[in-house]
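To keep things clear, I will list the structure first and then write my remarks on it.
The letters A, B, C and D name the chains in turn, as written, and every chain counts its residues from 1.
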């Protein structure tokens, strides 16, 4: 299982802070995003390839081809705006 | 007349804080330096072209060809080391 | 040596400077403070809420400090970032770098701010008279981080 | 708006920051503080005497502030330089710049320090256990000023 976290605008858009999902067949960030977009609605819209979002795996910034394994913490959030 | 001021290491080397001199014939910083070097000794040495010094005319950094006129305040000092 | 804190409380730059100044090898201290502005993108801001991702924040800040200390000769680094609700003129972030000479302190401080702006998981939500909205990331911040 | 002071007394960065922070358009404050080090070029420093050329100093600092305000979008600039006798860990100089966004504040602050180092008529004399000597200007300071 993956522990998925949502932050900021995405947390509000999805009305969800976290959920648990199975590791996708591709075992990559890209595969997870495809599954989430397949939910349609705000998921397809907010995570579209034309939108700006970031993914962190186990608290490190990740790329689209970053591998995933069971037990990973995957956070999905908008580009950061601190400082 | 020119009002000449010396600062820092040059003030100590010349054992002089200030003096009044006639405007040199060339009426430039270069002409004044030639006259001062002509005094020989520490003057020729400390103001040599191989040494580092700076000149300000009327409280603005000057160049070797900056013109001089009667009443000008001319300060001669080492490269600055503040900050 | 470095200090990293994420806190709701305010901070005082004089206190942070005092810690660094006690080392007589320090000749140069550069600092940056980010403040809440009352206007952003044309709308009046009455308050600002800073959300973060606690499990990742300290790690991200530690990575930024480590990267700066690898690239420049730094004697001390301080990073303090506030979270929670803030008002215009409130302090948001302090990055302070101490070194023997100023070139290292300036470069490391600006580098850390540029990286913090794109790598540290903080998000701002502004409250205005017409409602609240999440602040959009600025493309200029990505460009600033890519300089290094 | 700018503050320029040449003084024997110490200064407090929190006080100077407070003046600048009261303007809610300020989003970014960059500052630099120069400190007396206990070692310079290998010899122990017990104290430092700063001489200056009073008639020229304020003019030179005002020129530097003016140049920075011409080049960057700056809301406030503070320059404080101490003169007289100082000890290791004492503060020598503060340059503080405030702007809406950080790029202007960083660039203006570093520019002002680089120019101050080559254009403002201050000279340091160090006292060491083996006697006193005037500090030599560093070629790297000329190079830093020429970048701008």
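Assorted remarks:
By definition in this document, a residue touches a chain if its C-beta (ideal position, glycine included) is under 8 Å from a C-beta of that chain, and two chains touch if they have at least 3 such contacts.
Keep in mind it's a predicted model, so treat the numbers as computed, not measured.
Common neighbours of subunit A and subunit C (chains touching each): not present.
With centres taken as mean Cα positions, subunit C sits 47 Å from subunit B.
If each chain is reduced to the centroid of its CA atoms, subunit A and subunit B end up 70 Å from each other. Inter-chain centre distance (subunit B to subunit D, centres taken as mean C-alpha positions): 26 Å.
The multi-chain contact residues of subunit D, meaning those touching 2 or more other chains, are 34, 102, 113. Shared contact sites, meaning residues of subunit B that touch two or more other chains, fall at 83. Screening every pair of chains for touch gives A-C, B-D, C-D.
Remark: subunit A residues 5, 7-9, 12, 52, 56, 59-61, 73, 75, 77-83 touch subunit C in the complex. Touching subunit D in their complex are the following residues of subunit C: 12-14, 17, 21-39, 88-89, 91, 100, 102-103, 105-106, 109-110, 113, 140, 144. Across the interface of their complex, subunit B is touched by residues 34, 50-53, 55-56, 59-60, 81, 92-93, 113, 116-125, 134-137 of subunit D.
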